[in-house]
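Quick heads-up: structures coming right below.
Paired with chain B in one complex and with chain C in the other, chain A is shared by the two complexes that follow.
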Partner chain A sequence: MSSDGYLLEVKNLRKWFEVRRGFFSKPLWLKAVDGVSFALRPGEAVSLVGESGSGKTTLGKTVLLLHEPTDGQIIFKGEDVTHLKDKKKMMWYRRETALVQQDPFGAMPSFMTIYRILEEPLIVHKVGDKKEREEMIYRALEEVRLTPVEDFAPKYPHMLSGGQLQRVAIARALILGPSLVVADEPVSMLDASVRVEILNLMREMQQRRNITFIYITHDLSTTRYFSEWIYIMYAGHIVERGPTQRVIRNPLHPYTKALLAAIPDPDPENRKRFREVPPGEPPGLINPPPGCRFAPRCSRVMERCRKEEPPEIEVEHNHFVKCWLYV
Partner chain B sequence: MSEVGMEYSLKGILRELLSYKSGIASIVILALLIGLSVYTVVTIPPQKAIAMWRGENNMWIENPRNAAPEWMAFFVHKNLPKTFKVASWEKSFGIVKAEAPLPGTSIKKIHIEMSFNYPYDDFPSEVNIFFRAKFNASKNTPLVKIYWIKPDGTRIPVTEMTMRDPNQILYVSVDQQIYNNLVMWLQKEKGITPYKTVTTQQILFGKITPAMAQGKVDVEKGAYKLVVDATTYNKGDDVDLKLVVYGTVYGIAGTDHLRRPLIIALLWGTPVAIAFGLTASLAISIIQLFIATISGWYAGIIDSIIQRITEIYMIIPFLPFLIMMAAFYKLDIWTILAVVIVLSIFGAGIKSTRALVMQIKEYPYVEAAKAYGASDARIITFYIIPKILPPLVPGLIGSVPGFVFLEAALSLLGLGDPYLPTWGKIINDAYNNGALYKGYYYWILEPSFMLIVTALAFAMLGFALDKIVNPRLREM
Partner chain C sequence: MAMLEVENLRLYYATRKGVVKAVDRVSFTLEKGETLAIVGESGCGKSSMAKAIARLLPRNVHTYDGVIRLDGKNIMEMSDEEYRREVRWRQISMVFQGAQNALNPVLKVGFQIAEPLMIHEGVPKEEALARARKALRMVGVHESFADRYPFELSGGMRQRAVIAMALITNPKLVILDEPTSALDVITQANIMNLLKKIKREYQLSFIFITHDIALSSELADRVAVMYAGQIVEFTDADEFYTNPKHPYSEKLMASVPTLRSEKKLEFIPGAPPSLLTPPPGCRFHPRCDKAMPKCREEEPPEVEVKERHYVKCWLYA
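What follows is the complex of A and B.
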């Protein structure tokens, strides 16, 4: 663990994808994540919120080293893991981190039983013998409340519902006892009725095991269930970050404000209220606009916004915003 | 998720297979073929089969040449002659052997009478007499006189000869001397000059009528007798003989131009064809699968190299290349198999499988496996190949007939295995001996039937499997 007690420190992380238009043309870069910094303590949960294409999934997968970082630094438990070459270190990092995906059907090999799916990570990391693994698998299934476990273990993924499969996915992610979990829109493909259940389950496991959780979502309304922290992403940047309650009650960035305003609310009074939706589309990431990337859509845009990239400013304690309005 | 709901277990597939008519048919035929193969390999070991096919020690000399299978009689509604043998050393009804030494000398008279019944509707294809005598060839050798006695009692002197060799063979039906003797006898005793198409067998087994002069002879059924009067000159000399009357039908598959029973090659062709076809298609499919998976998975430079090699391979003309190799080196069947595999491993199948791999490697479950640290090798073998294997199986089975026919085609061109009897070799022999021109249809039809049945079984199995792993092809 690093001296300041952080489990994960991400410093100025960039992930650019190479785009080739033709054999001889100069390669272009799609800047999916472009200079992101944050740090998380053990047991903290953060919601990474942003619209499609904002780079939140790329950020999550780059942190897990499923993408090779282009630039920047990832420090995990005091170790620089940015470019892990050592196989042993890599296996350690794989064991310490886990991923929960969006599509529970696609996330399971259809030709393996639930038992085998859960056994795979244990086999890969050579955990226990056959008997011990069986115990661990049954315990993991119990923890995600797929009981009776003997009934679920021999089933194939297609015999389970989406919610049940997502529980299996959670069990698989947690079976190796990771300290960092990235959940990439884990409930967006599920029925509304089981979403809260799954989120509560994840929250419960996270708190019980003191896991650092990065919860990626485009749905601000679910973040309340989940996290202490909220990070708002826009076009490869984190534009605002802070404690969940504070960001939601007191959004600073114009984009955050727009996002919050767009949350549908069952209160009938709201029908009459005017919703301010930012016009236009998010910018292309191959050639993003200079300066603030939200500038073309911002209602409070200034001359400066179009030229210079805004710095990250701590407006109140732990509440950062990347906007010229607060300089 | 089109894959969801698909579960492949051997038992499940078998159960599903049995719900299709083509599945049942193919399984029944394949079971028969495999049973036949096992039976063949167990009862006729390869070395024995090769020896039999070479006809070592003149082992087929008592078989008719180019005899049709016995069941041909059923189609022509005739009692076609089968081969039968009568030996003077056998103690049985109708065989009489008497010896009378001439007192005061070492000369001995031997009288042999062999009776047999001829009930068939057609003439025999050949008549031979095999002697088994005892004498010293450097001294006076036995003198043998042979008479043929027809059912009506007519006695025809066949030949008179001094023996040269104790195991002498008298090729009665092709011996010019005997033919001349018979014709002379006919002219002298019956005043008939047979037309030149009348054969020795026809004179021996036919009704002697003036129609012979026009070349028309009918079979005379009844009890015949072969009488041999021999004179030996030295003590201890003896004469014995065996008459073989060759039929025009033989066994269940007939014989070829070298008197070999075709059943040997038909039986042996089964394991050879199945082994060749299955091994070729299995080996090629599995090697291609691995190459394609590696190509698709690693992408980059490895992919480029594999793809370029594949493209070069796709240009090489497979069959001409194979024919060239086989013609130059006279390869045996297993070497041909190896050449076929080597020539096919970088086939076009790689392209489609690679495309499939590139699609599957982006699936979330593969990403999940990476996230918990599964190695590339593990992901390829346990995550990607199980996913692409089931759709490849029907094609694999379906490509078996192609290789079975390939082996037959090479044999037909005379480029097959030089020793092992195979179906293709029968067809090759038949072709070289003008089987169709001479009317020996069975010679071509039998191996062709085996080839077609085998091909059909594998093709039907392939189609049925295709319906199972590709539910869209299912009939509603």
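What follows is the complex of A and C.
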């Protein structure tokens, strides 16, 4: 653990992907994550919210070192893990972190039984003998409430529903006792009524085990039920971050305001009014606009916004916004 | 007379495992200029209902009967050829789930929008293309995009193009089956604004199928809740979103996360039943916490609890 109590510190992280159009042409860079900083304490849950193409998945995967960072620093438990070369160290980081993916069907090898799927990480990390592993697997299945466990263990993925399979994915992610978990849209492929169930389960396990959790989603309305922090991403930047309730009740960035305004609650009045939403689409990330990346769509844009990138400002305690309006 | 009257509509599929009762004796009416939202979990027959009304049926149809009256004329009596010529696109058109990916990649967008006009109304190509440009403008896409290929348009623009295609023949009824489920929230809100505008200006009727209750309230004047192939509640939007009556509707509403109000989220235990062997009595009884012995045995009648508010539940009988 670092001296100031953070489990994870991310400093000015960048992940650029090389794009080549033709063999001899000069490479272009797609700046999926472009200078992102934040820090999380043990047991904190954050929702990383953004539209498709905002870089939220890339950020999650880069933090887990599933992508090699282009620039910046990742400090985990006080250690710089940005460019881990040592195999032993990498095994340690893999054990300490885990990923839950969006599509549980795609994330599970179809030829393995649930038992085998859960045993795999234990074998790779040489945990326990056969008997101990069996105990751990049954306990993990019980924890995600796939009971009776003897019935579920020998099944194959296709025999389970999406919700059940996502429980297996959660059990697999947590079986090695990680301290950091990234869940990438874990409920977006599930039915609305099942979503709540899975979110509740994840939240419960996260709190019980004091896991630091990064919940990636495009759905702002579920964040309230899951995390104490919200980070809003737009075109490779975190444009606003703060305590969940604050961000929802008192959004500062024009993009956050637009995002919130776009989400309906069930209300018969909705059909009688138009929503105020910004025109256009997020910019391309190969040549993003100079200055603020939201400027071309922003209703409160100023001269300065088009030229200079805004700094991140702490408007109220722990509530940051990257916008010239607050300078 | 209602513009659309559906009575006892059935659509069963024959599968190797048996007969799937996807739409099972469904009745409802829809007035001109009104939007009916059909909501429910996946696998409860919403999309099959859309297909049944648009008569876009797969090969393994087992039973397809009932009455669909469009402006008083029973279109179920028409032959497929008659239906194709008289009804599809000309009177009823549709926008399907993921339709933005259904555009033909090798044809220009404008041509694809113009196609229904040329095929169903015999409009000459030049005129059809000109009208396609106008339709594009109407849905908020610059008309120069008519000369582009689908890959050159963003997801939201493609969706607008597909909506333009559904509107170009001036139909009376447009069926929207999860029209925005693949789009981002801001794009989705933009499309909803567009649909509201079209609804206001052209007095069109929509059937809006979605699993997203909050989103359904963006368009719905009337709401039908489907469960296991049947409509279990049918009422006005003002009534439904504030005072749902069927236990399933209540549960469904309680599972919707909300941004602006505090509430504890609930979920519905279990999953919708198989449509091969739906439970006897009320199909919701295995998941219902208000189930009575009667619910397990007898199918509940449709009760009019208030004017224009129908609930298929023994609690109100």
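Here is the rule we go by: the second predicted complex is superposed on the first by the 322 of 327 C-alpha atoms of A that agree within 3 Å, B and C clash if a C-alpha of one lies under 4 Å from a C-alpha of the other, contacts with A are read in each partner's own complex, and residues count from 1 in each chain.
Keep this in mind: contacts are C-beta pairs under 8 Å (C-beta built on N, C-alpha and C of every residue); 3 or more make two chains touch, one makes a residue touch a chain.
Keep in mind that what you see is a predicted model, and the values were worked out from it rather than measured.
*Asks:* Scan A:Tyr225 for contacts with chain B and chain C and give back first, second, both or neither.
*Replies:* It touches chain C, and chain B stays clear.
*Asks:* Give one of first, second, both or neither to describe whether A:Ala192 is in contact with chain B, with chain C, with both, or with none.
*Replies:* second
*Asks:* Which holds for A:Leu66: it touches chain B only (first), chain C only (second), both, or neither?
*Replies:* It touches chain B, and chain C stays clear.
*Asks:* Contacts for A:Gln207 in the overlay, against chain B (first) and chain C (second): which applies, first, second, both or neither?
*Replies:* Touch status of A:Gln207: no partner.
*Asks:* Looking at the overlay, does A:Ala262 come into contact with chain B only (first), chain C only (second), both, or neither?
*Replies:* In the superposed model, A:Ala262 contacts chain C only, not chain B.
*Asks:* Report for A:Gly106: first if it touches chain B alone, second if chain C alone, otherwise both or neither.
*Replies:* In the superposition, A:Gly106 touches chain B alone.
*Asks:* State whether A:Met90 touches chain B only (first), chain C only (second), both chains, or neither.
*Replies:* Only chain B is touched by A:Met90; chain C is not.
*Asks:* Identify which of chain B and chain C touches the larger number of residues of chain A.
*Replies:* Of chain B and chain C, C contacts more residues of chain A.
*Asks:* Using the superposition described at the top, list the residues of chain A that contact chain B and also contact chain C.
*Replies:* Overlap of chain B and chain C footprints on chain A: empty.
*Asks:* Inside the complex, what are the residues of chain A that reach chain C?
*Replies:* Chain A residues touching chain C: 51-52, 161, 163, 191-197, 199-200, 218-222, 224-225, 248, 258-268, 270-271, 274-275, 277-279, 281.
*Asks:* State the interface residues of chain C toward chain A in the complex, per the touch definition above.
*Replies:* Going through chain C, the ones touching chain A are 35, 41-42, 154, 156, 184-190, 192-193, 196-197, 211-221, 237-238, 240-242, 251-253, 255-261, 265-268, 271.
*Asks:* Report the residues of chain B in contact with chain A in the complex, numbered from low to high.
*Replies:* So the residues of chain B in touch with chain A come to 1, 3-8, 363-365, 367-375, 378, 382-383, 386-387.
*Asks:* What residues of chain A sit close enough to touch chain B in their complex?
*Replies:* 61, 64, 66, 90-91, 94-95, 97-99, 101-103, 105-111, 120-121, 124-125, 156-158, 169, 172, 176
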